[in-house]
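In the part that follows, the structures are each spelled out as structure tokens.
Below, chain A partners chain B and then partners chain C, in two separate complexes.
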Partner chain A sequence: MSEMWINMGPQHPMTHGLWNLRVQIDGELVRAVDPEMGYLHRGIEKISEDRHYNEVITLMDRCCYVAGMAWEHLYILGAEAALQVRPPERADYLRVLCDEFQRLGSHLMWYAAFVQDLGLMSPFLYGMRDRDLVLDLFQSFTGARMTYEYMRVGGVRNDLPPGFADRSRKVLDWLDDRFREYDALCLGSTIFRKRCDGLGVLKGPEAIAHGVTGPMLRAAGVKRDLRKDRPYSAYDRVDFDVALADSADVTGRYLVRMEEMRQSVRILRQVLDWLDHHPGPVVADRLPRWLGAPYAPVGAEGYLLKRNYPKGLGLSAIEEPHGEALSYVVNDGGEHPYRVKFRSPVFANLSAASTYLVGYHVADIPPIMGSVDVCVGEVDR
Partner chain B sequence: MQPQDLQRALAPKLGERLLGVEPFAGTAGRVRFERTAALETFRAMRDDLGFAHCAMVGGIDWVETREVLYVLWSDGARQYALLSTTVPANDAHVETASGVWPSANWHEREAWEMVDITFDHHPDLRHLLMPDGYAFHPLLRSFKLHEPEELEVKVRHV
Partner chain C sequence: MTDGTAGTAATQAPEENPVLYVARPMATAARQFVKSLVRPSTIVYPYERLEDPRFRGEVAVASGKPIGVGAVWDNYRGVHALNIATCISCNLCAFSCPDLCIEMVTVPGGDPKHPKKCPQIDYGKCSYCGFCSDACPEGCLTMTTRYELSTPKRSEMVYSPQKLNEVFRSKLPMNPIRLERPENEDRILLDPPLCIGCNACARDCPTACITMLDVPKPEGKPGAKLPKRIWKEPVVNDSDCVRCGTCISVCPKECLFWGSRP
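Up next is the complex of A and B:
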């Protein structure tokens, strides 16, 4: 009778989304865990098979509700590889801009939610306040705060509005100052340190074997960042460092994400400078007609073009705010993707839950799961 | 790492069960193998070639056959590699990779419930995203979301 299973979720403040963590406990000790997923499954991969290539982009925003732009980027890279389309250079830089602002937005959201889990209420408000500045910037050039639908196969939808660079630089300067305050609030707080230091330890080799990626892996001292290792878009033309920590615990993950935000600011400054001096097209010219307008009436010529989809499989990988996101898009020559498959970093990080939860106390679960940064939308798809 | 390197390392171990290594853009190559050689291929990829990270296992339904696609990553070579094996649709099973890469566990559960590929000796092959007892495999091509006729709007002229 000493051991029993309890449900943490699907409605539990720790879950940050809709999922259920089944925990086997012995007194206050965690003996085994079994995450139960699927509450948010919408069949995005299946719906994609019935859609035109550009119509899938709207679904990608819904994949991860805090990092929609990164998921658009992932899908677009896969579709472009399958369809053999190259975007212009300015679009590459605009995509990096989107990705890094999205990383800031996602990490600020994580900061707000994670620190609130620990019982520190004011950082929550600061995190949400600063994330709103990033969302304001997104709104100014995509028209949306969450579901952007900004990237296109072969480029992006539109260029930046006038004055965007100045507004962005103001936000970046503001954020740079705020990171110091965040650290003072958290790392200087005894409550924070007592609830985070030495918890949820997941060392490098075990993390690799269990497929853990992103800040969780880098907090264990493994230097793997797809932006450096396998640069996509314009990441090979910007200068930044990979954030690393070696404690492999909750505090380590906090440090890595904070450093990543600083590096994002650094990347964004370079990208904004580049964009100032290199005007140009943002969509590939000579785009096949069928990519430009899915519903345009097609004549005989258009019909012929429609039959000319290259066949193949396109693989893409990006460093999403949560870790390594992968996708493949299979094209069989039809006008819809034959098969789309996504690898969500949180999916893999959650599947390793037993490695970093077993052996700790029940009260340690909220800080540990908070440091994983769960986004259920992309796990369940 | 080049496709030839994969070929050189795998050919002695797999013999004829290695069906070929072809170049694939952005990766070290795409390895095709017979499903009977699954475990040897996984072990050789991990131990001899250093692909310690299994990023994804996915299934593709080609109607008469089904393809299992593994995406691996090597921290040493900083490269991906693809493994793929094709199984007949009426006998779709392959040895599990979760003994070699624990990360394959959930991906295989998903491939089983979505594309109906059974992974032999999997420690925990049960539903992941779908409820227990769900009788369909939604990512099969035969699973239709709707028939196009149903969406037609009937317009009444008055």
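Up next is the complex of A and C:
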């Protein structure tokens, strides 16, 4: 039979963002795939070199638009390592709180988009509705729903407003019930299972060879979670389990993300209890003036260069909702970072597309790519 | 599933009556539909607003049941409000803006030698990050809950200080967050051998916290050449200083700098 290449993207309902999946098909079978990224490149790493350390945070929210808080945290950890600043303990817990709420928001967004790829409209509405509660909570203490600008070098911007803990506990109780409903709608549905079971199999050794991380790797039964393996912030002081599945297919990734949301709720309950009983400062009390805490650095260009400020390299890695992200910040003693570099987990997950798409049918591509959880903003940066 | 192994669920699709596997998810959806008849899951925007006082306690209505995510609107970062009367023209908002959308323009009220300058904000560029209101030492630039900005003219996106002052006078709820200054904040220090006593820092200081004090002339050998300068040096009153750095940027000899020495 004759073979041909088709373009799924850059404007295609399957892609969830601006990228192009070129597929070589033979009848209904996928013979080869060629993912093309780069349509959303904004030069965020280069722009960061021209901004003060705190101003880079405004770019991080635009870097990944469904997990902005996780990317703020990633950059801040790198910048703090480069500048040799330690945040107070309460700020550590607040960052864990932000990270886990963001994980809930991101996974709910993934759930909504994924079930819509399968053609299920009602679960999509439920996912978006419940994500809105998380966004409401974010708005109540950062002032915005998507672009939070909440973290600062050496801490966070402000403390939680009064009554926040009670409101978020209500949301967590509400979400706990909803997870059961999602499972009844999806796992209990034979249509869902027949479209997802055994699709897009990516086994552990192959996933590791391609640098695939996050829920895709854990769905293959590999126990790898940076929150456990290399704890950052306050993750070594909270109790949770690593979500695992062994089927390595689309259903396995669904199960892992659902379990991760339950674990996030568990972490959040512990963090909220800790925050109730340990008031304190949220910003380090001794910061270099030019870091802008709370004010931004000013002055004639170059006046800092004749003084000796600490230099250093910062490297940080966090478990972002999509996988393992890494940041590298070089501080050469100036007002701006000399170089900022990020590792995007979704870029690696997408680059391995040929391993989990070849051999399946064209109609299987939307559910398989939906289970990858693509966020192109961080792929291209 | 409490042990974290999500894969223990059946990996094979359950075989069952085809009528049941259509009917069961539909029953869940129908339950939600009936609830949404009582109360929609969303705020019906042009008719209801999230900032309405009646939503203050009980926002985020999910499927007919208010679960009480209250006060989501209190810290909102919307259009700025500027109190011109308390603005000290320190420039910190313009310096801290990542989008360079703040320009300091002259407003009436200053003397001819030292014109009063207040921020003018271009909302075509603004990203509402709030760094400017965080930086404002006097609390005169704050953010409000106003967010409807659409206009047919691009020039109307630029808000002059007077227009921002009208927003302030309209008594919209203000963002209550005020950042506290760290206790051991860096302060302005002087490199005495470089100073020429030119008075530029004291002249431009927005809070007038710099005074020029006399320094004694060094007693060298008679006839030795003394450096050509005015024998005065700036002394900064740290409790009044807002750390704006204007003195550093106007100093012609770069003899002022940030430091932590007592």
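By definition in this document, the second predicted complex is superposed on the first by the 363 of 381 C-alpha atoms of A that agree within 3 Å, B and C clash if a C-alpha of one lies under 4 Å from a C-alpha of the other, contacts with A are read in each partner's own complex, and residues count from 1 in each chain.
Heads up, the rule we're going with is that contacts are C-beta pairs under 8 Å (C-beta built on N, C-alpha and C of every residue); 3 or more make two chains touch, one makes a residue touch a chain.
Here the structure is a predicted model, which means the values were calculated and not measured.
Bringing the complexes onto one copy of chain A puts chain B beside chain C with no clash.
Contact with chain C, but none with chain B, is seen for A:Glu149 once the two complexes are overlaid on the shared chain. Contact comparison for chain A: of chain B and chain C, C touches the greater number of residues. Applying the stated contact rule after C-alpha superposition, one finds that A:Trp5 touches neither chain B nor chain C. Once the two structures are overlaid on chain A, chain A sits at the apex of an angle of 100° toward chain B and chain C, using CA centres and rounding to a multiple of 10. Contacts of A:Asp229 after superposition on the shared chain: chain B is touched, whereas chain C is not.
When the shared chain is aligned, chain B comes close enough to touch A:Val330, but chain C does not.
Closest C-alpha contact of chain B with chain C, superposed model: 9 Å.
Against chain B, in their complex, chain A makes its touches with residues 37-38, 41, 43, 45-47, 50, 81, 208-213, 222, 224, 229-230, 315, 317, 324, 326, 328, 330, 338-339, 341, 343, 347-348, 351-352, 380-381. Those residues of chain A that touch chain C in the shared complex are 51, 54-55, 58, 122, 125-126, 129-130, 132-133, 136-137, 139-144, 147, 149, 157-158, 161, 163, 167, 170-171, 174, 181, 184-185, 187-191, 193-194, 197, 221, 240-247, 251-252, 255-256, 258-259, 262-263, 283-290, 292-300, 303, 306-307. Those residues of chain C whose C-beta lies close enough to touch chain A in the complex are 1-7, 9, 11-16, 18, 21-22, 24-25, 28-29, 32, 41-42, 59-60, 62-63, 67-77, 91-92, 95-96, 98, 127-131, 134-135, 137, 143, 175, 177, 179-187, 243-246, 248-249, 251, 254, 257-259.
On chain B, the positions that touch chain A within their shared complex are 24-27, 52-56, 58, 60-61, 69, 71, 73, 75, 78-80, 82, 101-107, 114, 127-131, 138-139, 143, 145.
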